[in-house]
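Before anything else, here is the set of structures, which you'll find just below.
In the two complexes below, subunit A is the common chain; its partner is subunit B in one and subunit C in the other.
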Partner chain A sequence: MPEIAHVELKVGLEVHVELSTRTKMFTRAANVAHADHFDAEPNTLIDPVVLGLPGALPVMNRAAVERSVMVGLALNCRIAPMSRWDRKSYFYPDLPKNYQISQYQLPLCFDGSVELPPMSAEGKVNYAAIAEASEAGGQLARTRIGIIRAHLEEDAGKLLHEAPGGHAIEGTLADYNRAGTPLLEIVTQPDFRTSDEVVVFCRWLRDVCRFVGATEGILQRGHMRFEPNINCVLKLSDGRTVKTPIVEIKNLNSFKAVQGAIEYELREQPGRWIRDGREMTPGSKTTRGWDDARNETFVQREKEEADDYRYFLDPDLLPVVMSVEAVERIRAALPELPLVRATRYLREYGLSPKEAAALVEERDVCLMYDAAIEHGVSLGLERGRAAKLAANAILQSGAKRANERSTPERAVLVSGLGISSEQIAEIMVLRDRGEISAQSADELFGLLCEMGGEAMGASPREVATRRGMLIVRDDAALDKWCDQVIAANAKVAEDVRSGKLQAVGRLVGEAMKLAGGSADAKTVRETLLKKLGQG
Partner chain B sequence: MSDADQPTPHQLSSAEVRKVATLARLALSDEQIENARHQLAGVLALMDQLRGLDLADVEPMTHPGGQVNRLDDDAPSADHQRTVLGPEALGRIAPMTDGPFVVIPKVIGGDDGGGA
Partner chain C sequence: MNVLESREAVRTRSASAVELTRSALDRASAINPKLNALVEIFPDEAVAQARAIDERLARNEPVGPLAGVPIALKDNICLSWGRTTCASRMLENYRSPYSATAAQRLIDAGAIIIGKANLDEFAMGSSTTRSIFGPTRNPFATDHVVGGSSGGSACAVASGIVPAALGSDTGGSIRQPAGFCNIVGYKPSYGLVSRFGLVAYASSLDQIGPFATCVADAALITSVIAGVDPLDSTSSPDAVPDLLTDLESPIANLVIGVPTQARSSANHPAVAAALELAVERFKRQGAIVIDVDLPHTSHGIAAYYLIATAEASSNLARFDGVRYSRRAKLEPGQDLMDLYCRSRAEGFGEEVQRRIMLGTHALSAGYADAYYLTALKVRRLIARDHQRAFDGGEGQPACHAILMPSSPSPAWRIGEKTADAVSEYLEDVYTVGVNLAGLPGITIPGGFTRGNDGTGGTPGLPVGVQLVGPAMRDDQLLRIARMLERAAQ
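Our next item is the complex of A and B:
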């Protein structure tokens, strides 16, 4: 028997994205993937369409179609001038009407491609590297991933195999809140060659889907489920090449599981081939699940063949026609995507790659950043200066407080601290005019966050005034503080008089203490030096 | 169609009919299987007849009537509010319930959302 000389991994990916529209795909019952309904009581988001009761008719959700087109455009897909709805016959208790509405023959989006972004050392999308390269006039060599299709369908309900609270149950419990949630299924070509490539794609896709407002993208809630199709190309010592049968791993909902499942199959498949000699043929594909605790995949039900689903045109639904104008209208409404945004921050605002990448990690944070700049400009700040001050406020004062409030279960973003972009802009202006110290600006940021609801609309200037944070321009008061400090620190003052200028730092600190932060350190220093004959 | 000029009469085997019946969750007796076998052969014969037509210049029709895009705004309408159901209504039509849930026979393999 020839030996395996070389193993090449081949992975194609299916991703299911739950859209965060207010209502479901084919009825106006509330959608559990919308933030308002995340924790809805079981079986409260249902109606005759969801349950497939006789006489109930589906009607498409405009927003679901438009957001799917947005994602399709971001994946450089072509948008079908006409797509239609098929029924996938499917007898499983998580969909009570016994079929799933999907798009089999004519998907909404097709034939796209994505240039794979590089991964950072922390395993995140490295926007900084791409932005930097493009800024330097070059381009990174990037792997191209083909997108076969992105089509709309509806999600199924949820089956629970143990009761909430853990009490034993005879059967399985069904909750139909999720049934009918708009689901965008994205299918790639088998163009991935490493598990890292797959993970960075998954992360990038999540960022993009969140930026266009298609999904909340909370993986723990199953908003995005990943299904890699994995096989290996084995080069044998006798010169032959064989392909192992494709294994599809179902329903992975963390990046760690995606990576683990692919690495496991890459390790196992060559050995499986040695044991059973099975090669890739039509019908040889199997379906496996992922055991997070044991770190391995396991055999699941044998998948039905596409023929067995007996797809046919859904007679209850009309085709979706997208005119060129409609597609262009959606394209025009497409928000700036993370990479383009990071590049712009670098180029226009002179932020560092690290700052730009940190800002674009979350859509809400960079929307807040952009808004703070606009408010700052309208309050008279020069744009570049406003951009720098806003980046400092968000990435320092903001990120620090967001970290403090985050827990492993729930990440808090700067945009969720309670302070508004208008308030941030006002703090920026106070700081820019030298009306508050850097330390006070940070404290003021914190106060406005802590005030929560009551700070809504509170003027940072008023709060700063009330708290005595505004820098005093009163020369008499400043004179008094400096004189007091010199009198109380005769030895240090003498050192400064005799030329040891660095000793003045201690006196500045004492004077600032007396001023309670309401003096400007630079002015205090100048006044002290003048008084000590060094000005 | 490349084979349009060579229509072949379709005969389904009992096993094929039985497979289709299983997929449709229909329990058919031997007599019903035999009956369905002949009826389906008639349907397939009609398909063969259609395959003989020259349809080169005919646009595929995906839906009768020519209507498209019946789209709803993404908002719960007052009209719709009247049709919203809850666990009580579901409980009245479900064979078995446990609190707000419908109880169904144990699902093999514990697969969640198999087809979606």
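Our next item is the complex of A and C:
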């Protein structure tokens, strides 16, 4: 028996993305993957088409097609000038018509490729590496993942084998809220060689799909489901190479599960081959599930049965025609994607990798960031300065308040706080001119977030004035506060005089208290130092 | 009273909508038990609808173009009241939550829905004998079939219960029973009338159309139900041809093509005679009648029964006993597969099961190329044959319409073909091509068998002649049909 000298992992990926369109794929019933309907009561997002009632007919949702084209373009796919709808037939109670409308022969998007972003040790996008490469003016070596196709179909309903709350029931309950939700299926070539590569691709794909507005991308809700096809190439000590049978892991909905399942198979498959000697052949594929608690995969279906889905063109639907003009119109509307955007922030604005990464997490936040910079520039700020100030405002004052208002059920973004990008820009200007203190700037940000409060829609300058936040330029007042502080803290003042400059901080703090925040800390510090013979 | 007369009577107040409705209901009570045309009658709803029309008229408010006209619907057209059974055990108690677009347009136009008409189960058949409600009988000879699958609608019109009815035509289901009942039956171009709410048999072939006693009535009904529907992607977005304005104007320099294949020796003598009589009538009006060749006619039946059953096997998959439709009672230990198999075995009749199995086989891996895909090729050839006749060329003038029988024989005795499904399939030879090519076709009365020739009933059974036109030129087809009808009067 030859020994295994080397194991190479091969993974191809299928990803199902639930699109967040307002309505379903083939009818006007509301879509459960749209944020307004996440928690709809069972069987309330239904109509005759969803339930496959006699006489009901599907009508294509053009918005779902356009969002899918956006994702396809982001995956560098070719867009079919004409794609079609096929019926895929199988009987299952979650499938109301007992056929699924899908695209089999002619998918909407095909033949694409993605260059994986550089990864950190934790399997996340490594923006620091991008920043470094960018500074060095070089290009990163990237792994290329081929995209076979991205096609649209309709999701099935859900079967519940226990009542909500985990109570045992006799029989099975069916909830058709999810039935008919637009589902984009993306299929890659088996180009992944490590689980890290798969995970970074999954993260990247989620970012992109969310960025173009294709999905809400909440993994816990099943908005993205990952199905890796895994096998190993074993190099044997006798020089032979064997391939282990492909294992498809169904329905993974966390990055951790994706990583865990692939790592588990990578550990197990060589041993399985040693035990059973089975190699990859047509029909040798097995389907396994993932047990999150035990951290292992388990057999779902031993042999790929000879499924016969009896595909044929759906006579109820017309072909999907995508003219060159329509594709170009969609391409023009594509937002700058997160990785490109983050790279630009690093390169042009000199943001830190951490800042860039935090900003591009959410599309609405970057749009707000970009808008705040533009407003700042139009108010006279230098662009680089505006970019720094805007990043501070959004990632500090903004993120703090967004966190406070977020609940486990619903994340609040900076863009949803009520403050506008114009208002942020005005605060930036006030701060840049030293007209308010850092502390006041933060406070002002907070006031402007209070929807319905006195500051709603108001000009930050007005609010700052009303609240006495503007820094007093009155040198006489400043002199008085400084003199009072020196008199009251003679010991500390003496320390400063004798050269312990760091002690001045305490005096600055006291003087700012006297000024009630209406003084500029930098000016106070300079004044104090001068008075103590250190200026 | 026909449709036009009925609406005129209501408009001029010479009869109220309620009177017309009650008269239709009385006629139904009197003869429906014998003929079994209607499977459900809506006396209360119909009278209420009629009363609303009369009240509008009394207030001098505008009413629709079919105000007060009693109409019946084939029971595979959804209506938001009563049951929509498709004459199947499967949907015995099914109530649709919505009305079909075509039904709703009739209602909006003021038509009074008297009841639902019998059919072959799920529109699969040519006799209206394969129904859980039992056979509909031919009003000209009650031991004979009425034709099908829209036989209940045809019978309701021919027996004078209603002046018009809607049917559906997948392979001749309007045109063949119209011929068997001596009335007009018209299948519009595919896409002219919305299929939303028509329980699908074969989606690429199904089309709703009217039965009436004259061409003008059929044109009027169709002008009401036709037109694009946002709920049916296959409904044509093009403007509906004007079916009414020029209906009475003859077509100048008319060219009628008669397929050599339609003069088959297999035709019943009365059918052959009706065809030649129609040829004579056209010639008398100055038309040129030429021979045309539809070389793939003989393959039409095979292609039709592969495509229709393939689509049916998929369309009828939803009837599984899970959400609605008949659910079998399971024994302990039986599982989901038993639920499917037993519900479908109990719910579907023999012919429906046969067609589902045929269609499933035709689409199966390893067989689809030989059966389904070959049938699609034949379908294209048949469409091309017809187009060639309409385009003319190679010394042939372009035909305005093709004339042929609506079926090779008149109505047969009930039970005569039940055991031999294929012999019934072959009766569709002149009608399926029209569906495969998406063309409009209309049957108008062509004559009768002689009462003593041993093949018909007494005093004789009707036979129809069929006219077929180019797609979406339904206006022209109806004008030609009107010319033939006028010549017969």
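One rule holds for everything that comes next: the second predicted complex is superposed on the first by the 449 of 535 C-alpha atoms of A that agree within 3 Å, B and C clash if a C-alpha of one lies under 4 Å from a C-alpha of the other, contacts with A are read in each partner's own complex, and residues count from 1 in each chain.
Keep in mind that, in the parts below, a contact is a pair of C-beta atoms (placed from the backbone, for glycine too) under 8 Å apart; a residue touches a chain by one contact, two chains touch by 3 or more.
Note that this is a predicted model, so its numbers are computed, not measured.
Student: For A:G239 in the superposed arrangement: first (subunit B), second (subunit C), both or neither?
Tutor: A:G239 sits against neither subunit B nor subunit C.
Student: Report for A:P54: first if it touches subunit B alone, second if subunit C alone, otherwise both or neither.
Tutor: A:P54: touches subunit C, not subunit B.
Student: Tell me which of subunit B and subunit C touches more residues of subunit A.
Tutor: If we count touched residues of subunit A for both partners, the winner is B.
Student: A:K97 contacts which: subunit B (first), subunit C (second), both, neither?
Tutor: second
Student: Which partner does A:Q300 reach: the first (subunit B), the second (subunit C), both, or neither?
Tutor: So A:Q300 only meets subunit B here.
Student: Pick one for A:G283: touches subunit B only (first), subunit C only (second), both, or neither.
Tutor: neither
Student: Looking at the overlay, does A:D316 come into contact with subunit B only (first), subunit C only (second), both, or neither?
Tutor: A:D316: touches subunit C, not subunit B.
Student: Could you say whether A:S89 touches subunit B, subunit C, both of them, or neither, answering first, second, both or neither?
Tutor: The answer is both, since A:S89 touches subunit B and subunit C.
Student: Please indicate which partner A:P42 is in contact with in the superposed arrangement: first for subunit B, second for subunit C, both, or neither.
Tutor: Touch status of A:P42: first partner only.
Student: Given the touch rule stated above, what does A:G166 touch, subunit B (first), subunit C (second), both, or neither?
Tutor: In the superposition, A:G166 contacts neither subunit B nor subunit C.
Student: Find the residues of subunit A that appear in the contact set with subunit B and again in the contact set with subunit C.
Tutor: Looking at subunit A, the two contact sets intersect at 48, 51, 59-60, 89, 91, 93, 174, 308, 310, 317-318.
Student: Tell me, which parts of subunit B touch subunit A in their complex?
Tutor: So the residues of subunit B touching subunit A come out as 23-25, 62-63, 67-77, 80, 83-87, 90, 93, 96, 98-116.
Student: Residues of subunit C touching subunit A in their complex?
Tutor: For this pair, the touching residues of subunit C are 77-78, 84, 86, 91, 94, 96-98, 100, 195-200, 202-204, 230-234, 310-311, 313-314, 317-318, 320, 322-324, 336, 340, 360, 363-365, 368, 372.
Student: For a test of understanding, state which residues of subunit A touch subunit B in their complex under the given definition.
Tutor: For this pair, the touching residues of subunit A are 16, 21-23, 27-30, 41-44, 46-48, 51, 59-65, 82, 84, 88-95, 100, 106, 153-156, 158-161, 163, 169-176, 183, 250-251, 289, 300-301, 304, 308-310, 313, 317-321.
Student: Which part of subunit A faces subunit C closely enough to touch in the complex?
Tutor: Checking each residue of subunit A against subunit C gives 48, 51-60, 87, 89, 91, 93, 96-99, 174, 306, 308, 310, 312, 315-318.
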